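In what comes next, subunit A is part of two complexes: it sits with subunit B in the first one and with subunit C in the second one.
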Partner chain A sequence: MWKSVVYKEWLKIRWFLIGYTLLGILGIGYLFLTVKHGFAFSGGKNVWNSILFMGYQFFSPLKYVPLVGGLTIAIAQYFPETVNKRIKLTFHLPLGENKALLMMHAFGAISLLLSFLVFFGMFAGFSLLYFPVQMVTDSIISIFPWFLAGFAAYFLVALIVLEPEWKFRFYYFVVGGFFLTIYLNSPVTGAYSPANSGLFVLTAFLSIALLFSAYRFRKGEM
Partner chain B sequence: MEKISRYLLVFIAILTLAIILPKLYWMAFEKPVRKPFILYSCINDDFMIHRISEKTWEDTKGNQFTREKYEKKLPLMFEKQLITSGSMPDSIKGIALDMRTISKEKSFFRLKANEIDAPAPGLYPLFESQSGRAKIELPEDFFRITWRIDFIDAATNKVLEEKSQLFSAALFQKGFSFPAKKISGISTPRKSVDEGYFIVDSKDRLFHLKMIKGNPYVKQIDIPEGLKFSHISCVDFKNKDFYAYLFSDKNEIYILTQDDYQLIKWPVEGFDASNRDLKIFGDLFNYTVIIEAEDHTKAIALNSDYQVVKTYTETWKLKEEQPEGKIFTSLFPAQVSMTSDNSKFIRFYFSLSEGFKWIFLNLLLMAFHFIWLYRRKVKLKNHLADMGIVAVSGIFGFIAVHFFPNKFFD
Partner chain C sequence: MNNVIECNNLTHYYGKKRVYENLNFHVSEGSILGLLGKNGTGKTTTINILNGFLQPRSGECLIFGENTQHLSPRTKARIGFLIEGHIQYSFMNIRQIEKFYSGFYPNWKPAPFWELMSKLNVTPTQKISTMSCGQRSQVALGLILAQDPDLLILDDFSMGLDPGYRRLFIDYLREYAKAENKTIFTTSHIIQDMERLIDDLLIIDFDGVLAQTSVNEFMGSFKRFDFVLENDKTDLKKASFVVNLDKVKNKVELYTYSSESIVKKYLDDNNITVSNFAQVKMGLEDAFIGLTGKY
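Presenting the complex of A and B:
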């Protein structure tokens, strides 16, 4: 049964996931082309100096990339479910309503995770070519909350899309929108180090948020 | 499971609202505090206070001055203006003044709390201290200190083994205990001379490291037993009296004199590196130390022997004590912020509102919620947790439990 659920989800998100991942790979490739260009024209020491002491964040173009991914996959996966309330079919599977839903959700989240791991791996690998481990670690501390924001956006869109009442969709949108801003402050490089573990826990909390709106959907008199 | 997901969402909503609502409130109603600009005058041996927003100039006794008279009381600060207007004195306290001496002895230093609690870069350029060149040049490599000192070439991102071994051995021979707790220096090439770095080792001992003609210069500096430095700010003043201002973990301020490495403690009290900003103006006769807190400014004048000659403190109301602050503490039980004026780190900065005035609104909202539930004829025992949430978190919880309603769990 789970294979069928996974296949159904795959059919919905595959082109979005592949397209997003390819665009992301191109984006990271471009990012490191700019770094390479900087090394060639300004010299390595000046690039390092501007990163270490002048606040230059070479990774800043990545800021909204994970967020866009989370939004894209969530919309691709959950929006079709709301057309004619198709999600009801899932709730009739002999799986248990929450189990079927969490399976769908886990598939989407894992797809997103795989895409993010490709980006993260590329980022870390290319960074280590140009920068020592201290600088790479600080950069990763800075981009980590952006990836968490991608997951949070995915979880929040699922929550909002499955909510049956427009009024509550608006409420969730307001809270979710403001909540996402806590991942996206623009501080100095490495500043998120004390907050990242807390943000990770909050993102994990959100992972089952859709059960709430799905419950309302199932029981919905709306 | 659905119940858990709802409570997690309520928690996230409370956290979000506790960040956003206070932030929006202060954006709308906060009034700026205009801190006075205070300097010690060597002419009338008193502090001169410029209130920038009121455009007034006065001394600590309340005597008012015109701008021109104020500037005449501070000839070592406004020397260019006084020379332009032809009113610069020839001498002060029997010492003849010339522009070179005034300029050489003039210094300004500023340290904000958020510069201390900030991520450290981890890699630093070690400049050539005696290059023979007029301009200091940024080196091709940067160093880090872990279990030894590594120099890494920026162009290739490779460790320079020979240089790393040479400098590691020099540090080791002088008793340096790896790794470093703190590395402080002036990391920009825009400075008059290079004096390298002051490094606190893992046993809290202080070392001076610089590179002279490609070779390491390492000196362990004598410091009193038990003294631990929380921050070191290197300076590049023209008079070359000292290398750095050093701040101990007990908030004492020291200077380290140039060449003879004498550590001198300044008799300055009231500094707190965690939440106060510091400004130090130096001139031919005095240092004016300004400690700026959220609710007061303390000015301390030192003479050239670093002895206190006068202090002055001016206080004002905290923003919580202003009318808009009192309304704030009645509305919001707490505030969470991801950023702080006193740190460059992102954290969940939680602060409980002063006093307990917010309890009234919390109880009112809880009563309102109770009536709201009662009129809907729901089983109240299913809503006890929500009532508790509103009682504790007030307006944040009230909004949260209504945005994420409990009605399906009746």
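Presenting the complex of A and C:
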């Protein structure tokens, strides 16, 4: 049964996931080409000076990459379910409605996670080639909430897309937008250190938000 | 005979607009029941309640004894559901969709699906989104047949189909249902299609149930008499036997469950002079319009 669910979700998102992951890999590659370029042409001393005293973040182009991934995968996965209220087909499958949705959701989140792990691994590996461990650790602390924002965007878009009423979709959009700014707030390296665990818990709570939209759909809200 | 579907005191409103109040009906095992009604009388509402996509304001529907708001996976596996417009996962091709659904149903029978697909001019790798409405209807029907459900719920199955595909759909479905003792609950806007398919009918109007009986019984008891009144001001609506009356000047179409002799006796007793009195043979569509009215 779960194999069928995975199969359907894979058919929906596969090209988006592969395309997004490849673009992300190219983007991170380009990011470190830029770093290498900086070391080669401006000199290590100037790069260090920019990072330590001028607040330069070599990883800042990554800021919205996970967010775009979350939006892309969520739309690719859930928009086809709302066309002609096709979600009825899912709810009619011989398994619990919430179970079916959570299986779909878990597949999407895991796909996103795998893509993010590739980016994260590349980022950490290349960073260690150019920077000391302490600086890489601070960088990871800084980009961690951006990746959480990717998951949060995925969960919130699922909530919005599955919501049957446009009015509620608008409310969720506004509130969701506010939530996402929390993840993308401070530009100071390492500033999110005390907040990351809290953001992780918040994101975990958001992961089941789509069940509310599904409940409203099954009640017949329109 | 067991009731596969049983709806008791079903009441639903959209905001303040009443759809129906205290609607009661049942569908017996092995029967093919058509739900007929004008637009807005609650056909799709009923289908949605039956599938658990809508919570009625009050009352309940049971399918195989389970409340439709909380159908167990086991019961859902026994119900084949055709969504209005033959909606399916159009991003899949027919090979993929057969593979997808087969994982959910232990009694999956691929043969009927592929038999139907062989009648279509499509390739196994052709996406459903690129198929015509008629072809999509056959995909949806084939999937239901492969699922081998005990109950089929079909929401407006003729929507968007040309006459050939409608005939194919109906003939295939009826033969299958009768051979396998399946129960069907269906709606359609095209009454001629229903006439070819259903055994029993449930006609609903804005005031509730107008008729629930077998098609044969209904067609045998519901009659239309045409005549011309000598005095076009004569009011026949007060007659207790009149179910519906369509009067243009002095030409009358009278619909009733009463016999010709009762109608004639009433006319005689009330000194109403008529000419060209005749009983008119009706099809199901004529009878439906006669019962519910043209407006």
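Please note the rule applied: the second predicted complex is superposed on the first by the 220 of 222 C-alpha atoms of A that agree within 3 Å, B and C clash if a C-alpha of one lies under 4 Å from a C-alpha of the other, contacts with A are read in each partner's own complex, and residues count from 1 in each chain.
Note that in this section a residue touches a chain if its C-beta (ideal position, glycine included) is under 8 Å from a C-beta of that chain, and two chains touch if they have at least 3 such contacts.
Here the structure is a predicted model, which is why all the values come from computation and not from measurement.
On the superposed subunit A, the two partners subunit B and subunit C both fit, without a clash. Applying the stated contact rule after C-alpha superposition, one finds that A:Lys12 touches subunit C and leaves subunit B untouched.
Rounded in steps of 10, the angle subunit B-subunit A-subunit C defined by Cα centres in the superposition reads 140°. Shared-chain residue A:Thr72: touches no atom of subunit B or subunit C. Shared-chain residue A:Met135: touches subunit B; no touch with subunit C. Within the superposed three-chain model, A:Pro80 lies in touch with subunit C and out of touch with subunit B [touch as defined at top]. With both structures placed on the common chain, the touch criterion links A:Ala195 to subunit B but leaves subunit C unconnected.
Once chain A of one complex is fitted onto chain A of the other, the partner contacts of A:Lys219 extend to both subunit B and subunit C. Touch criterion met: A:Ser4 reaches subunit C, while subunit B stays clear of it. Greater residue coverage of subunit A by touch, when subunit B is weighed against subunit C, goes to B. Looking at the shared chain after the overlay, A:Phe53 reaches subunit B, while subunit C stays out of its contact range.
Put simply, subunit B and subunit C get as close as 9 Å, counting only Cα atoms, in the superposed view. Once both structures are placed on chain A, subunit A residues 219 are touched by subunit B and, in the other complex, by subunit C. In the complex of the two chains, the subunit B residues touching subunit A come out as 1-2, 4-6, 8-9, 11-13, 15-17, 19-20, 118-119, 121-125, 138-142, 144, 152-157, 187-188, 338-339, 344-348, 400, 403-405, 408. Across the interface of their complex, subunit C is touched by residues 1, 3-4, 7-8, 11-12, 80, 84-86, 88-89, 91-96, 217-220 of subunit A.
Every residue of subunit A that touches subunit B in the complex is listed here, in rising order: 39, 43-49, 52-53, 98, 128-132, 134-135, 138, 159, 168, 171-172, 174-175, 178-179, 182, 185, 187-195, 198, 202, 205-206, 208-212, 215-216, 219.
Contacts from subunit C toward subunit A in the complex involve residues 48, 51-55, 73-74, 76-77, 79, 81, 83, 85, 87-89, 91-92, 96, 99-105.
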